[in-house]
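Next up: the structures, one after another.
Two complexes come next, and they have one chain in common, subunit A, joined by subunit B in the first and subunit C in the second.
Coming up: the complex of A and B.
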């Protein structure tokens, strides 16, 4: 195995290049937001909070974008029901974890299972939901499959908010989705337990010397760190999936399903497995996304979530795992969080004046070459305009760079580098040649 | 060729006899297929002798490509049976047919455009443990998958060298010329180590030099004992290289025989030139 070290250096080179891209982008984002914080005069604690929230969102969006990349970038499955699978994961987890006997204001009962089991249950439920959608739908062409997925997501959301399921009894257990009111998370936060571990005591004391940190803030930072670790696991899992015979079949299906089938691969089985794995990962991301909130807000799973993820994936480039993370970073820092910070920064520096009450009042003075009202109006509505920005970016990308930042779809589809043959063959060939020569 | 590509032991395979007492590896019986009101295949019956190079000819619309699709499971026949090595494979899915050793190429090359030539060839390899997701991702098992991949990589190199396209290994398949794609598709089919290959117009649009190369490879594989069924419109090619020719016309087998028989057959000439307007 003379090849081993060679392989390892190659792998580490690649990893370094990809890690450097991600690290570089995150650094740029952090520096920008620290500057923003300085301009806005944030306290160190506030600054940490801003960066933590940013990291949290980037991590969550990256996870879902990676899962969607498995569907679309690798397998060519057009899934626009992402929010639905996230909802299945989260709701299932909550219903499994909530105490069997409701206490105080926490309305509905659950099964009272330990949190890790509840999370696992949520992930499995999301995967099963994926199976249910995939089984009949995979016979359909890509565009019809897409319609089935978005229909599924909406059905899921409407079922979870429907009154009949607000509270119901099944097999003698009473539980419920909370309907339109959502569910309160009245189970113990594992982060509190983690935070109370002795190893963190020293660290907390150390950090508190510089920055005033409440325990809840510290727990939030700790949770974000956990998410970054989970994201790394997602990345590794999907990188391995892509660089394997399994991933090779997925990519072949994306390129030409019929030809792949004619080459001896049971394409339906591969598509179902790929779809279920992606849905499971979406379910887990859905759980981690809302886990530390006070409860589930049903409106959180409206279709716009799905389209955020799609924008992130398209920016980064479908077909690239690193691209998915970069896309999520750029989307979150630029398009999702960017506008409101931009507004605050501009507002802190200059006065744009009183905005007019209606759009007509804003547009009208333009004809008299008075642009102040329209500027003030747009400025005041920056958060709404966010969606316009997203649309503009999407249109621009589709016309000028449809493959995104990294989506050249050339990631290796094998578990070994394909550049050179292994040394054994080279040796064997050399031996054969000398033998042939001596025969003559 | 090394033994990795050599033929499987066929003695165990159940054999069938055609009327003349020769073994037919593929036996098509009274195949029918309608598309809406159009009858594409209308009772086609023929056998392909084991180890032979058989030509399938006929005017456009005679049903040749449909027969290919029916035999390889891309379409299901309305009636009739397909037997391969004695086993009834009628209605099996394409991947099941391919895994039984009957592999086809397409009239319009179906390369996997965004994969490299190398990846295109790695794909069809049979019995890849790493195609089970858990083996590919779990530590410990992953190592075995890597070893398997290494062995496969060596096999791919051999096939690439056999077809003299090793220099294109890292090229994206979409960057290949038309003729190179034909080579790619044939070499990819060979990765399944097939007993029988069905080639749909393998020489169409290939320049003469490459055509010669492709033909040499096909003959070499035929000499190894692999059976070929070739659809081709170039009569010289068919007459010079096939030992047996099946002529299809209007969804049926018009006649079959040796090149000399076919050349002398007036019906065939009529079918090609048209008997009436």
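Coming up: the complex of A and C.
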């Protein structure tokens, strides 16, 4: 008997391959940034900070990209109002959690609820916002749906900026969005319980013996570690959702909604559920994203955020959960943080000289074949150039590789693992096949 | 005697009931609209609302509406013919405005400042439009040349972008093109920042105007209001004649109906697409220029912020329809400003406009002038 590849090992290989892809990418990113840190002469503490910030951003963008993948990759709902749902989650959480009696100047009262309840409230609010958008907009074509969602996101941002909502009273409770000035997060950090654990204090003290590592740095690292755990939960939840019968209906809707409807599935209900779940996850990601900041202003939720997530999703490939994480990693390390570190590295090695103040002063000398000013100008405006580059990458991807890294991959449609198929059935199948072949 | 009448009443009653039952949402929105209109009229009649204040809102709304309508023509044409929502259209408007105003600055400020700085619309603030005394009455030549330059430069930019970005994707379908256009929008917006800087600047000198007396006050109309009115109406009439009197309009209608059929009947589709971009690009650049002339300020985001309003107008009017875009623009512009009668402060007028757009999408996604594309 010839050696047949065991389906069980095949399946676990595939799973390992997905995990390995993510681990490999993160490893490559870490090594690159450690090299960058060495070139820039970072202290070990600074190095840890760099990697922590990177991991933090990758984790957050991965979460949102995974949620967006549920919308666009699985259900075919073209949501470009991602920032709006994140804002609803975070603002609701903050307004629920802030103390009921404002302290200090320029402070607005909240409801003073415990943080876990406030987070739950934020997530539910984001889901409800998703319901409000999805319910009427479901019948619309994808491009109209896109316009509705981005209009929704802008309405959300404008309402959080609007002065009349800066402070208002509802049902006898006074609360407010803080308007354009935003809100300060003056509630107790629920992570404090973790920080006070002896094991955490012990670990911080241990690390401090080798490198200088302040408690606040250690707390940030711990928070990032918690985010990585949350990301794993997101991944498992969405993987499970995608492979469930529910997920199969979503994919069917993406491919052909009318046919799915004709097969007796209430596609509207499925779409609403999928959209609300994705929005809830976006709301939670919005909360986790800004949670440790001192406060929040509405400008954090400009359409840029949505743009970032879309680039990440398209790099990774719509329809693939693993791809969403890979895309978020590549986007963060390459497009979001990369240019600034590149600039620092180049700046540390060579001197590009004093940048001219305006583009005209930079271009003018080019006619005299003096390219130093234009180089220095572009170098000095790397932050702006970065956005141009992101746009170009998006266009390039849509032209050359719209399926991204892992999009359109054949996925197992069965809810039960396929590895239980015994040798007998496999042989029976093989026999059938040969019989069919001989019939022809 | 009362029999036929009763029957007629009964019939219309039952018809009305079916309408209410089948489209409760539309009836509700219609009733709300009527209520607001009634409130507005009665408020003006009883003096509860200041007539001159409402006159100001309507006039400002008309100005906004003309700009939105003019810029919307291009978006509507490309949406109808190339079958995708072009999210870069707002940044065509910004780019056109900057390029046109650069020319205006150069002409108006010739010799008074560094040429490069003038061409970049004074990125560092050492010169301003007010300092150069720019305005339709003080420097009419610079303004007119700038307007034409804005149109021409935007046409070149738009054709270049079509060649690089959209033409290789002609058959990719609406969604990939839409996503690519978002990429174009970001790249273009930050190229504008790179070249012209992110500074907001004042561009014009205050213009003389006449006060038109209204019941309880007056409405001040200045020379730039008049310029905007004349220029937009002239351009709109020009587009109307172009599309009605030439074969181009017919070819465009054929293409937006069915591109493959148009191709096999011998319509040079690529040439029609090029003309679509030329008309749309030129109008959007000039709309941007006129917007800056009218508001007196320019910054790198104004086109993007205008874009959702333009989408609202185009969808309200019906995608592909030139007259729909103009009509939609006027409705959105005036409704946006009039909403300030009931809503507090200036933060809510955009919210109201986006809200109207969402309502239109939900109630009448095919738009008001649906089916009468480009005609």
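Simple rule for what comes next: the second predicted complex is superposed on the first by the 401 of 440 C-alpha atoms of A that agree within 3 Å, B and C clash if a C-alpha of one lies under 4 Å from a C-alpha of the other, contacts with A are read in each partner's own complex, and residues count from 1 in each chain.
Here is the rule we go by: a residue touches a chain if its C-beta (ideal position, glycine included) is under 8 Å from a C-beta of that chain, and two chains touch if they have at least 3 such contacts.
Since we're looking at a predicted model, the values are computed, not measured.
Using the contact criterion defined above for the overlaid structures, shared-chain residue A:267 touches subunit B, although it does not reach subunit C. By the touch criterion defined above, A:28 lies against neither subunit B nor subunit C after alignment on the C-alpha atoms of chain A.
In the superposition on chain A, A:251 contacts subunit B only, with no contact to subunit C. In the superposition on chain A, A:277 makes contact with subunit B only, not with subunit C. In the superposition on chain A, A:259 makes contact with subunit B only, not with subunit C. In the superposition on chain A, contact of A:241 is made with subunit B only, not with subunit C.
By the touch rule above, subunit A contacts subunit C in their complex via residues 78, 80, 136-137, 139-144, 146-148, 150-152, 154-155, 158-159, 161-164, 307, 310, 314, 357-361, 363-364, 378, 381, 384-395, 398-399, 402.
By the touch criterion given at the top, residues 72, 74, 93-95, 98-99, 103-104, 106, 110, 112-116, 118-119, 122-124, 126, 128-133, 136-137, 142, 145-146, 148-150, 153-154, 157, 169-170, 172, 188-189, 192 of subunit B touch subunit A in their complex. Remark: subunit A residues 3, 237, 240-241, 244-249, 251-252, 254-256, 258-267, 270, 273, 277, 319, 409-410, 412-416, 418-419, 421-422, 424-425 touch subunit B in the complex. Here subunit C touches subunit A in the complex through residues 25, 84-85, 114-117, 119-120, 123-124, 165, 168-169, 172, 174-180, 182-191, 193-198, 308, 311-312, 315, 344-345, 347-348, 350-351, 354-355, 357-358, 361-362, 365, going by the rule given at the top.
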